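Below is the structure I would like to discuss, written out as structure tokens.
Residue numbering begins at 1 within each chain, and the chains themselves are lettered A, B, C and D in the order written.
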């Protein structure tokens, strides 16, 4: 192991940007956070207190940060709307890129990141699907790969947020791409990971409701939705996404095979404490996805860094990130139109009349 | 409480018939099992050993049993194909009826039992959806009714059998009505119970695979299937049915409301024993649905008996049994055709063109 | 199987007496409850409503009930203080006996029941240790017997009642024999069952506190106590008993062997419902021991009945009931004196000086 | 927050030393691992590969390391036999000290560390009881402190290692101080933490067996032991320690109060994966204590570092470390002699005659 450290910059210091910046600063021994950028003044203030004392340079302008002397890699943790643009700029500036999910809510724009990366095969470009770095999902995946459940045939996966009583997610829905692109994208990625990245979609269908926030309909979104995805090799994935959980974050997954089943987080808990009181026996849940996946993000930062230093393939292929957006967007369309969408084996839609 | 006992006959002594007969003989204090009927010689032999010594009269012919002196009620536990015919005959003979589910795999034939019952309003006619009598489901229902989860909005429910390596269920599929009518009928009934018996279906769609038994396709069936049901009042139910569980019977249900969630049997266990050994910490599962629901069947027998004696309404309305078959059959059709099926608010199908 | 039914009488219609009477009346097909006795008028009133209509004869006097025509067996479910006397009378009147635990809080009086039974070897005399009939404990015992955990070496077992805010148990403590004789007697019996009925005690020691009811000290009792029992064959059992659980009844047991561990009810639950709400994920507990062991009592009634009819050995040997009281009383003594009590291999106490 | 980093040296590169060294090198942002020492050549080799490339200086001699330019703090992670000596030397050299538990297996020697520290009140000297830094224990402690369970009255706690089939722990027992000093020391520390550091012991008693390793008796040790500790303020703690768990590490604790109970890790699991297969539903356990407490050690390193930099009190008082050894040694003595040991309120033993 060499002692050289990767020089990293972080774009964006919002909720996730702060976390990425601190993870690269403090919990990624082989990386050195050298720069951050954000156009937001209050975020810059935060950076002055928490990052600058450790020698991290603050930039108001992303393009300026890209020119930071010796910068080798960029973490794109800004608003989704600029993910793709910033990622492409970084690639063009010859930087390795770790981009927060999704690349874009648009399939075409997502693809443009791939196209840019394809021109620079020496760079590491990865979309950060955090669950791929979670110890429990990895354990499940390695057990499946070792044959523990026979042939994985059905996946049930859900991303369910605790209800945010401020209703913030209503305004957020205008740009999020919808509940399937914003939430279920993780579950879709898991399905592609467990079923194989090249699984071909045969059909998608979805239904949804607005149980707590009717205003979501203005943005063609729902607060609860269920989606079905059929694959051509005789497998099924079905997803549930919700914005109204009472107890906390409930992201769980079952991989059902011909000889067994692996269940991840179907009995959620924030820690190992059980409370016995007049309400019975209870435990508390993670309240947000970062409570649940904090260490996955740390692992992600460390593994991305190691790939850059050692020039090894990134653990999450970029193609999958586009495929996940494609499936998510189709589910979202089905959710709104109420129509099932069918695909041929080349991935082209089959118009209704051809059915 | 009067000490009078209801005179009951049982049609069929197959797997479920034996259980019903013994439950009415031994575990239903207010009932007296007076007669059973079966055309099957080996079943009759069993009856000679286990029932006759207690004064139960054995009949080879169902019609003869109906004429048994003083008979007040009939449990129809024969093959599904004759459920409706035997139930109607019993009604016409002025007997109360507890009929195993489903009334029929055909909506029309199911409806004919309702029509017969409507002519004899003084009789108790009930379809035995056993989960309605299970202590855990009842606890969940009463918590929901007391407002514990706000408005119930989404139901996830599954009926998943342990893999039967004999493949018996392939031959069985010829007459079962398919996996949605045979297995998911329980989940559909639960959705109607928790959402309200009068919930109007807006659409159904389903997909399925044959992961372990390709031969099921001969009978237009699948071994794993997922179905989506949308209701007009902004609720969703989604169902999973499987024939290939490795660990045992896994029938579980979640009722998700605007203020909480109730989960029934999402952590299955046959009893309260945890085993710590080199494989980790484990517990065993029920192997068959009767392992899971034995006491529900006993409660069903006792409550049906009490209704007959005290002339009170049966706890499961007969209309629901027809509605459950209607939904199950539509899901099964969608499973096979691959098409989503839409309904108007009167319950009539909306042809594709009208969408 | 013969259809003959055992004629049973029940002494006492207090809390447990009512339950035993109804179990023998309604849930023990091979038994016939023919008589009950109680000196208490309100209990007699209850019997008039719930038992008399089914032909059960009510007696105010126990001795009169013993003369009931054709009576074959007696369930002694009266106050502990008269258990032994009534059991001995029944034995002398040539009746089979199922006696509630403990035979007596006194070792000598307990032994007198054994002596009486020894003179009538044709009779079935059993002390009702209900946990021996519980499906989970039986599963654990059969797994241990099949070698699942190697050599069982350590047992941890607890009987912990929900706090009764009326403080009833303070008055009750005057006659209960103390927390080890009243509560831990079950755990002691389990230790003898799992370790072998002939296990020889080497030492006992105990400590206790009054965390919620200082008044218990008047009766030489405590509300929380921990006891240690050493056996001569290199095994240990340790017990915890409490009167102050907040969530419900918590009776749990671990059997720890050289190759594994069996844990019974270490994650208690009243049923299979999990509730997700703002307090997290919770389930409710049984509130009283009968919530937990109801079906064990039904099994006990059925098995005792079968032994009487078929003249087979009772499943719980009477000797064990005396041994359990002996250990419980020694623990209680140690709890109060603060001294460890040592025994030689013949079961005689070793005075301190001989140590 | 200042960006200054604490210069740390680590004594010992055995199993725990390696972990501490890497934690201070990579996972303690405010610390800088500058030096390590070990007399062991193979450990030095490991250091050359894993530490030296990052600028860590290797010493064969502890005293030399103490003279390392600018060294501010020492982590003592060597063999228990030299813990105290090295800690005292570091204190005398004016270094802050984080010492692995126990300070010593001898009460007197443990006290000598305290005495040395008392002369240098400006130094931070802490004994590393890792569970105090575990998120679950901390959550339980803060819930208790907030009144969630009323008055904590009884603690049950166990440290149970997975059986090491090499029998390494037999040789190890010669110097470990015995199972109560080596394993239960953690549980004793927890009892002091939850009950209050100043809790006065009234009595201790213990029993033990050698179920798998009779050779332990040579070293006055046992492989399974149960100990009881009575405190003068009406509280009880009882401990179980074992070397023969089959499934993995099982360190669990219950804090039982007058209004509720907190249970930590009573349902152990290595992660959030449930496996459903023919053996039922199972999950895997941590195999060793570091699997369970890895992040607690990281937190410990970070908090100790912060205390040194910011000159705040250490979170674990040194007095407790001596008190824990005192209780552990008394339990160990009782385990071997079979006698209960009583103390007066000043902590002096009460000879038997005075009882």
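Quick note on the criterion: a contact is a pair of C-beta atoms (placed from the backbone, for glycine too) under 8 Å apart; a residue touches a chain by one contact, two chains touch by 3 or more.
If you want to know which protein each chain is, UniProt gives these names: A, B, C, D = NAD(P)-binding protein.
Just so it is clear, the model here is predicted, and its values are computed rather than measured.
Visitor: Looking at chain pairs B-D and C-D, which one is connected by more C-beta pairs in contact?
Guide: C-D
Visitor: So which chain is farthest from subunit B (NAD(P)-binding protein), going by the mean of the CA atoms in each chain?
Guide: D
Visitor: Centroid from C-alpha atoms only, then distance subunit C (NAD(P)-binding protein) to subunit D (NAD(P)-binding protein), rounded to Å. What do you get?
Guide: Distance between chain centres: 41 Å.
Visitor: Centroid of subunit B (NAD(P)-binding protein) to centroid of subunit D (NAD(P)-binding protein), CA atoms only: how many Å?
Guide: It comes to 57 Å between the two C-alpha centres.
Visitor: Considering subunit C (NAD(P)-binding protein) alone, which of its residues make contact with at least two other chains?
Guide: In subunit C (NAD(P)-binding protein), 149, 245-247, 259-261, 266-268, 275-278 touch at least two other chains.
Visitor: What residues on subunit A (NAD(P)-binding protein) touch subunit D (NAD(P)-binding protein), complex-wise?
Guide: Answer in residue numbers: 1-3, 25-27, 29, 49-50, 53-55, 135-136, 139-140, 143, 148-149, 259-268, 270-278.
Visitor: Along subunit B (NAD(P)-binding protein), where are the residues that touch subunit D (NAD(P)-binding protein) in the complex?
Guide: Of all residues in subunit B (NAD(P)-binding protein), those touching subunit D (NAD(P)-binding protein) are 245-248, 250, 267-269, 275-285.
Visitor: Write out the stretch or stretches of subunit B (NAD(P)-binding protein) touching subunit A (NAD(P)-binding protein) in their complex.
Guide: For this pair, the touching residues of subunit B (NAD(P)-binding protein) are 149, 151, 153-154, 156, 203, 205, 207-212, 224, 226, 228, 230, 234-236, 238, 240, 242, 244-247, 256-261, 266-267, 338-340, 342, 352, 355.
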